[in-house]
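The two complexes that follow have chain A in common; it is paired with chain B in the first and with chain C in the second.
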Partner chain A sequence: MINSLIQGILLGGYYALIASGLSFMFSVMRIINLAHGSLAVLAGYLLFVLAQRFGISPFYGLLIVLPVMAAIGFLLQRFVLDRSLRAGPLVPILATFGLAIVVDNLLFQQFGADTRSLAPYIGTLSYDSFELPGGIYVGALAVYIFVTAVVVLGGLQLLLSFTAIGRAIRATAEDPETAGLVGIDSRLVNAVAAAIALVTVGLAGAALGMRATFDAYAGGTQLLFAFEAAVIGGAGSVWGTLIGGIVLALAQSFGAQISPLGFLIAGHAVFLIVLFARIFLPRLILMRRRA
Partner chain B sequence: MTVSNDKSRSGLTRRDFIAATAAAGAIAVAGRAGFALGQDAALKVGFISPRTGPLGGFGQTDGYVLDLARKALAGGFQAGGKTYSVEIIDQDTQSDPSRAGQLAKDLINNQGIDLMLAVSTPETINPVADACEAAGVPCLSTVMPWEAWYFGRGAKPGEPSPFKWTYHFGFGVETFHQTYISQWSKIETNKKVGVMYPNDADGNAIRANLAPLLAKDGYTIVDPGAYETGTTDFSSQIALFKAEGVEIFNSFPIPPDFAAFWRQAAQQGLTKQIKIAQVAKTGLFPSDIEALGDLGKNIASAAYWHKAFPYKSTLTGVGGQDLADGYEAAEGKQWTQQLGASLSLLDAGFEALKAASDAKDKAAVAKAISTLNVTTVAGKVDFTSGPVPNVANGPIIGTQWVPSKGGKWKFDYVVTENVTDPNVQPEATLVPYNS
Partner chain C sequence: MDAQGPILVAAGLHKRFGALVVLDGVDLAIAAGEAIGIVGPNGAGKTTLLSVLSGAQQPNGGSISFKGGDVTALSAPVRCRLGLARTHQIPRPFSCMTVFENVYVAASQGGGFSRDESYSRVTDSLALCGMLDIANRPAEALGLLDRKRLELARALATGPSLLLLDEIGGGLTDAEASELVETIRELRRRGIGIVWIEHIVHVLLQVAERLICMNAGKIIADGEPASVMANREVVEAYLGGSAP
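Then we have the complex of A and B:
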């Protein structure tokens, strides 16, 4: 029981990390980025290439890959999302959906069907563990990923609260036109926000590659977990995302305790319950007040 | 064409156009006549496999194998005293069963194929076989447990076969059983087997059919129950295996699930007690094992083809070692067991066309398959003594991934037992996983 509680919380850190970019982009630009998972897999492949061809450890590889991801985010916002947003709020969803398909198939074209992982390049870290009292083992990597998630989410919170760009991002999110009146270039701000979001996607890709395996079509599953964690946590809230990830992972762990088949179902069930509660509870409350 | 340049500037007149068309028609007729003089007719063979998508690992080597086959067939194909020109039309299911069915229908209705070949996984083969059975086109397939092909498509045990046009060869659950018993007897264990069978077609078939056979042979099966593909945390199963003290581990997972499970098992100290890690489905191809890093060392596997098979391809004349070496030289990638499996399907298919009284007659081809008894690059394909009608049993050979000794690749894939095909020589003795 305590074992699955601890494992669940740590797994939640991973979900929160992959969800952070998704929920950040949604809160700032009102864009649901369906290419989120595929872009994380892209980052995984970039790290893999650096490690395999040039012998660069994935940790140093991040120094190269994260700026690349930021540049991709900036250009993506400038040339795809910004333009499609002008055509209506649904068009960016379609655009990112198309982008996901393009990215998946380009990756397949380039790397083929082989299953890849960053684990061979990080020594024994992928299966090192700490022993806790009571014979409970926690994976070292899972702990590091959890810490990374907390740092990333905390960093985003600090950035939004205390920096000039953070204030500009919040102002643009509230009302781009009014923000423009006080001299904020909303296009630039959104592009910077997309760059920041894609940096977190790069970290998520590294976490995915180290803790598990990926192939060209692995993005879909990652998107699903990220989306569920973001929605459970109340899309757009920074710390909510961490809670959302943990709730999702705990639901899965306890689902698996009841039956091994329950792992994914319990996660989906919690997601749906939260979703319906979000939709119907406010209405119920409103109706009661009127009555 | 004979239209002169000066006229084309002023535009074609009607007379010119008619003259040109007639000339072109005459050339086409003459061309066909000339063609027919050298060769009696053309044969069309459909080849359906998953080349892209999640099952793309199976189709990865098909391009190379098809090239070999086309080269061998370039000078025409002799059957029944006639020489045919052969066109192999290969199609990619993109790992999608419904697309597999559509492709099969397209090949049957629009391309008019004479024989269908389908390879790898129930998701590819079953929809193709169903389309062929419905349309009355002979279909031959390999690489999936035959039980899922035969019973999974509506045949009943003890009743006559409902299939007239479709045939399958290759391993089944009983083959796995023999191989596992033989493989596991190589190392002293407490005979406690921890199993992780997923909730999918293969997993459920294995749980229902293989696990009872293993139990009958004195193995204690510790089964925590089916898990859903895509599960990312396996703490409860690992805890159970540790508490039960299992020394053998057996699973039929997809690669991402196995990597997640096995790393967690290592974190929580389970892998230290495992003497034999016998994995199927994952570990067929080198990249699955390389992705595990050090944890991939000494994983035991089973192969439906290996380059140590001592047979030659009837179609191309290529032997096992040459096939593997040729692929490595041409593609710069490590050989996989799929090379021989796909080639054996082409071998068997063309042997059937050869044996048919008339290769253009679909009923004659189907009849030829039903009595086929040949040795392909992957061993014997014998439909005369099959476990059930329409099925020929094939071998599955016990193997192990061991660190490569000075080779080009990270791991070598070595044969460790040969109970289902004694012609294949074991190359190494099974090494305990935790050694």
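Then we have the complex of A and C:
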């Protein structure tokens, strides 16, 4: 019981990490990036290639992959999303959906259907564990991923609250036109925000590859988990994303206790319950007040 | 002032929204440090003129030059950094931020000032607008007067040489409006040029040294305030003095 609680919370760290970029992009640009999971898998493959062909440890590989992801985010916003946003809120969703298909199939063409993992390239970290009092073992990697998620989310919060670019991002998110009139170049600011979001995607891709296996079509599942965590946590709220990830993971790990199939079903069920509660509870409360 | 030539020149500005012509050949030259009032009936194109000058909207025809360079194709943020700022008729603060942050983001982005200089700019702008004591209040909690002041402080913090004000006195009491007039006079003493749209003419005339009257997208009178107010066309179009 306590064991699945702790494992669930740690898994929640991974979900929060992958959800952070999705929720950040939604709160700033109002774009739901359906290519989010595929881009995380792309980052995983990049790290894999660096490790396999050039013998670069995935940790050093991040020094190369994160800037690449940032550049992808900047260019994606500047040349695809920014233009498609002008055609209405639905068009960027279609554009990222198309991008997801392109990324998935390019990866499939390049790497085939074999599953890959970064686990062989990170030494003992893939199976190291800490012993907690009570004879509970927690994976060292899971703990590090959880800490990374907290640092990323805290970093995003600090960035938004206290830096010049963070304030420009918030101003642009609220009112791009007025932001322009006080000298904020909203296109540039959004491109920087997308670059930041994709850096978190790169980290999530590294975490995915180290803790599990992935293949060319793994992006869809990752997107789904990220989306569920972001919605449960209240899309756009930084710490809510962490809570959302943990709630999703707890539901999954308790679901798995009940039945092997319960892992996914319980996660989806909690997501749907929260989603409907979000939609209908405020109405119910309003109706009560009026009555 | 006269030796430098005009700081802003607009020539033949046209703006249409579909079939509706909102600006119909507006020519305007503004000297550095000048204080200009703009009056005119609703729908005359006053606000659209400010939007086109500030770069929030692109004109369908005509050109704008600012400080000797053509800015017609430049975006609003670029014009803002050149020293052209505006306020909105209906204040649009960033409500997710505090008063201080609202002004700070303008100073650091629009003014391009360093951190320390931005801080002193913010303090200065807030002090000038009488908002220092409420600097840490969230912008969404402000009343109308404070929202208007914030609009002004935010525009000021970008370090403008020409400030476009859109009905900043609208909806205020006489006492509040005269407080605002004092602030705007202080801006003039600092050499900042003002273009001010206002319906409360007696407030406007306390500051403006030149008055422009617009009607149906055209400038119908431009000159010394007393003579513009006495102009027959102005009286008919705006004041409704000699209605048929």
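Convention: the second predicted complex is superposed on the first by the 291 of 291 C-alpha atoms of A that agree within 3 Å, B and C clash if a C-alpha of one lies under 4 Å from a C-alpha of the other, contacts with A are read in each partner's own complex, and residues count from 1 in each chain.
Heads up, the rule we're going with is that a residue touches a chain if its C-beta (ideal position, glycine included) is under 8 Å from a C-beta of that chain, and two chains touch if they have at least 3 such contacts.
In this text, all values refer to a predicted model and were calculated from it rather than measured experimentally.
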Taking the superposition as given, does A:92 touch the first partner, chain B, the second, chain C, both, or neither? neither
Is A:139 contacted by the first partner chain B, the second partner chain C, both or neither? first
Look at A:170 in the shared chain and tell me whether it touches chain B only, chain C only, both, or neither; answer first, second, both or neither. second
Quick one: classify A:202 as touching chain B (first), chain C (second), both or neither. neither
Taking the superposition as given, does A:240 touch the first partner, chain B, the second, chain C, both, or neither? neither
Check whether A:184 is in contact with chain B, with chain C, with both or with neither, and answer first, second, both or neither. second
For A:7, using the defined touch cut-off, is the partner it touches chain B, chain C, both, or neither? Pick first, second, both or neither. first
Partner, of chain C and chain B, that touches more residues belonging to chain A: B
Where on chain A do the contacts from chain B and from chain C line up? none
Of chain B, residues touching chain A in the complex: 52-57, 59-60, 199, 224-228, 230-237, 239, 255-256, 259-260, 263-264, 266-269, 285, 287-288, 290-295
Contact footprint of chain C on chain A as seen in their complex: 164, 167-168, 170-171, 173-175, 177-186
Contact residues on chain A for chain B in the complex? 3-4, 7-8, 11, 14, 105, 108, 112-117, 119-121, 124, 126-129, 137-140, 142, 211-215, 217-218, 221, 249, 252-253, 256-257, 259-261, 263-265
Residue ranges of chain C touching chain A (in the complex, touch as defined): 54-56, 75-78, 80-81, 85-86, 88, 92, 94-97, 101, 104-106, 108-112, 115, 118, 154-155, 157-158
